[in-house]
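Which chain is which? They are A, B, C and D, in the order written, and residues in each are numbered from 1.
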Amino acid sequence: MSDTSAQLTGVVPPLVTPLTPEYDVDTTSLARLIQYQLTGGVDGVFVLGTSGEGTFLTDEQRQVVLETTVAEVAGQVPVLAGVIDTSTARVGAHVSAALKAGVDGLVVTAPFYAATHPAEIERHFVRLASLAGDTPLYAYDIPSRAGTKLPASLVLSLAEQGVIAGVKDSSGQETSLRQLVLSRREAGLDGFAIMTGSEVTVDSSLAFGVDGVVPGLGNVDPAGYVRLFDAATAGDAAAARAEQDRLFRLFEIINVADRSRMGASSAALGAFKAGLHLLGVIDCPITAYPCIPLDEAEIAAIRPLLDRAGLH
Amino acid sequence: MSDTSAQLTGVVPPLVTPLTPEYDVDTTSLARLIQYQLTGGVDGVFVLGTSGEGTFLTDEQRQVVLETTVAEVAGQVPVLAGVIDTSTARVGAHVSAALKAGVDGLVVTAPFYAATHPAEIERHFVRLASLAGDTPLYAYDIPSRAGTKLPASLVLSLAEQGVIAGVKDSSGQETSLRQLVLSRREAGLDGFAIMTGSEVTVDSSLAFGVDGVVPGLGNVDPAGYVRLFDAATAGDAAAARAEQDRLFRLFEIINVADRSRMGASSAALGAFKAGLHLLGVIDCPITAYPCIPLDEAEIAAIRPLLDRAGLH
Amino acid sequence: MSDTSAQLTGVVPPLVTPLTPEYDVDTTSLARLIQYQLTGGVDGVFVLGTSGEGTFLTDEQRQVVLETTVAEVAGQVPVLAGVIDTSTARVGAHVSAALKAGVDGLVVTAPFYAATHPAEIERHFVRLASLAGDTPLYAYDIPSRAGTKLPASLVLSLAEQGVIAGVKDSSGQETSLRQLVLSRREAGLDGFAIMTGSEVTVDSSLAFGVDGVVPGLGNVDPAGYVRLFDAATAGDAAAARAEQDRLFRLFEIINVADRSRMGASSAALGAFKAGLHLLGVIDCPITAYPCIPLDEAEIAAIRPLLDRAGLH
Amino acid sequence: MSDTSAQLTGVVPPLVTPLTPEYDVDTTSLARLIQYQLTGGVDGVFVLGTSGEGTFLTDEQRQVVLETTVAEVAGQVPVLAGVIDTSTARVGAHVSAALKAGVDGLVVTAPFYAATHPAEIERHFVRLASLAGDTPLYAYDIPSRAGTKLPASLVLSLAEQGVIAGVKDSSGQETSLRQLVLSRREAGLDGFAIMTGSEVTVDSSLAFGVDGVVPGLGNVDPAGYVRLFDAATAGDAAAARAEQDRLFRLFEIINVADRSRMGASSAALGAFKAGLHLLGVIDCPITAYPCIPLDEAEIAAIRPLLDRAGLH
């Protein structure tokens, strides 16, 4: 286990889960993906998130991912684990399993399926934090999936209570993210980590005080995000912007698949996996059942976009 | 196991799951609730649905509910089980567990959390039907929770393929429901069951050809829904409307709780449970964690609404 | 002017506005459309509503529609006029113009474009009612266009204050509509008119107590809606349902146009106008600029649907 | 009339419309507001936009605003006019009126109330541009009000055709805004102006290539936005961020009013007007009918927020 007392920062890609054509977890490809990330210079990895198709996997498959990742990373960077499920009790079971696997941090969404109230979401996080003990809990704000936006006031309150160590903001709402950064400063909560989940506004977010990024596209180009982060923290705004612009265009791989025959998740995650497949990192680009996979023509159409971005 | 070759029809309440103050399943209260339903004349029971807080319960708790229900019902009416989870693989695990418990039907939503496409939802149902074997599968159309409306064309296609034996429509979209009824007739799919999940438009829905109702409020007043169904099928529209109007007003118990301090689920399910508690059917009105429970004043305020509806 | 003391009831189609190929109001076709409606037996006509493309027309064009309609109807049935605009002051100008033209009722939505609060919507209706004097004001509840649902409590409050004489409910929310009917009875507001704007749930709505219907499809088949209304009020539920089912299928004309190249308004209103053109009632099926018109193949594809419904 | 061949850039506040207690346009206060803006160093003014309550005003009131503004500005900076209405024909009438008043640019939204398709929105802009002649047309992308997001591809196509000279993006979607900037560069459309309508992400937007800002809050603090713009264009990111952070906190004046008794528009515009009233710029802080005005306590609560921001 890595040192978890340090604040989360930098580039922490939400790893995809490579699958075999039979829909089993492909641990060999997962190990290669992890080495690809470490070589790229990432500051941590996050498994079983939305990009990791955590909600598609059985409990047993989730455990395989956790154990493979902890073993392969071998303490070089922190391993964060998504423990995403519908309710406190169900997430609690995932927390226990993740702790047993030896992860360094837990990433928790609001309860979903049932409609909940901020006061209920607060109860959810408080109870899970007591289960997690010394392992830091991160709030995962993803209203497009969980159906509710975590109010900035709730995130701050949980931070002040010491319930959560940080937040991953995948809301796409820059104003709310900026409010969080300003309020953190005013509250003196310097150790609280604020990470953006957006692939395409990283230079802006770092400029106004966000600590790092959890980019799905970082699966395909971890080194690019590391360069972007380094340029931004070195104060070279022009270089950061140029790198961000390049990654913005690379992100267009998610638009290659035909949306009239598959969902948005399938198109985006299928593109990340196809990119990794074309780069020789993973064996099979299939997404989790029942997602429709990209066909050969769609996979082939991703190659020139990788080339344009300088990825070979 | 009851005879499952018959088409689903009539009143099939989605049972709440009584809990102890420690958030365990209260099997004694559940047994009493089942007897209350059977005495009320219901045509089936549906456990682990949205009203049953299925997504809040651990796998172990779900199994307790299934086994208790199958034992208590003892074949007098069909037992339907919700197998609600985020993906095909995860639902599949619940299907196996429910089949082992001996249920008579399985109720399945679209995958959720991840965004999916109708073609992916179709794959989801097809694979689950093959797992279910002879036990009928019912599609559960609940866009407010699953995030997507099952298109009428998809439901019909699944019916024609023999993948699903019926649908529970909790979409609240009368037009879509009516289209389904018309299309069923034109396609000659007479054995396909169409049930509404709405508490307050049952007389209308039965009048235009729906087969039955799965009313959350039926927990509290099963006999009322049975009278409504009997009046409608006997062609006594005035009696059906009067009964529906009475139940419409009883449904106002869901507005008693203070929505500024709890979610809509908590307010509605808390009201059903409070009603059952006041009627002496279940011991404790608590809803699943992290839901905020109704307070004493809110519970007391439900009593006059029960009285007005003639429930003592 | 017809007797406006009587409560609105029955079939009151929202007339389309026939246009010339140059986008002028085609008063000759409008007169023919009105005669077609009167021959069909309608209880009133409603011009400059959503179906009437009122918000597309200039002030001068609106006035032409009003004057042509009042003259052609000649007091045989009430003429209702939409006075739809963004704010109280702007609607007020339309109210003055409509009163000058001699209409029998005014149909008013919530303010739109700017976000408003129910208390502000109340002020809007109160001021407009004082402008309207003795001419009855009807609330037009169309959240899909005005961006806000009129709360049932607000509609009832305005009814009790005598501000509005009725409501046209185009919300598609059966539960809210039914609540309004129940509350009207309990409040003793028998003279308050509740009309549904849904084409496809008329038998149900009449069965639970709604007074009439304002069906866009009634442009094409006024006599069908009159038969449906007569059957329902005579207590012949089977005949009403059969008529509704036939009209449900006729309503599929709105799905003929290619939605990938035009908006939903264009497809629906274009279909109504194409139907009227094929039936010889109006000369040109064009919709208001900038709407894309149906092409010849789309217009031709509407003919068999008219035939199937028995319209020649 | 100012030189309109130059590209729009810098700070162009969307002016509120000061009203008297009787809801007439207060031309004296409007003139003072304009002088306050010019003294603050703004690069243009935009009247009759959303902040200007254009959709609340009658045609006559709109004309008073246009003529007062053109006269008071006297060619020192460009005057942009909102010509916001539901359809092409209705907007066309406003275009004619605005041209007669001598404005330097026209700001046009998508048609609204009726649902439209991008191909129809394109027809709308093309026809209006031909009406506008040499006066530049700007697209106003405000999906929260107009109900539809202008696709980046449509904006670019209109730019390439020379139909529009720029866009005001009030969508709050940073990703879409950034895509527009990138695509503009790739298409070589350097003269096309991209302005953000967001008050709180200006430093970020300028850093990635946006040309300027149209901030509602600029009514209250034009000089602050000018300092922010100047710092950003001078490459002093830290100073730009500090100014943006100060303005972010000042923007909290929109949260002072009680949202349980008024709409969001009323609260925000009421706060801008109250701020201007407290600063002695306008006489009466009332918003347009039927908006509920801020009460005395709410107005008083804005004073300390002005003080904190250094505005006296």
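By our rule, contacts are C-beta pairs under 8 Å (C-beta built on N, C-alpha and C of every residue); 3 or more make two chains touch, one makes a residue touch a chain.
Since the model is a prediction, treat every value here as computed from it, not as a measurement.
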item	value
Intersection of the contact lists for chain C and chain D	none
Same or different contact residues where chain D meets its copy chain A, judged by the half mark	same
Rounded Å distance, chain A centre to chain D centre (Cα mean)	37
Approximate Å spacing (C-alpha centroids) for the pair chain A, chain C	50
In chain A, residues with contacts to at least two other chains	none
Overall pattern in which the protein chains touch one another (line/ring/star/complete/other)	ring
Chains grouped in pairs wherever the two touch, ordered by label	A-B, A-D, B-C, C-D
Residue ranges of chain C in contact with chain B within the complex	172-175, 178-179, 182, 198, 200-201, 203-204, 207-208, 237, 241, 244-245, 248-249
Partner chain C, residues of chain D touching it in the complex	23, 50, 53, 55-59, 61, 84-90, 93, 111-117, 119-121, 123-124, 127, 144-147, 259, 261-266, 288-292
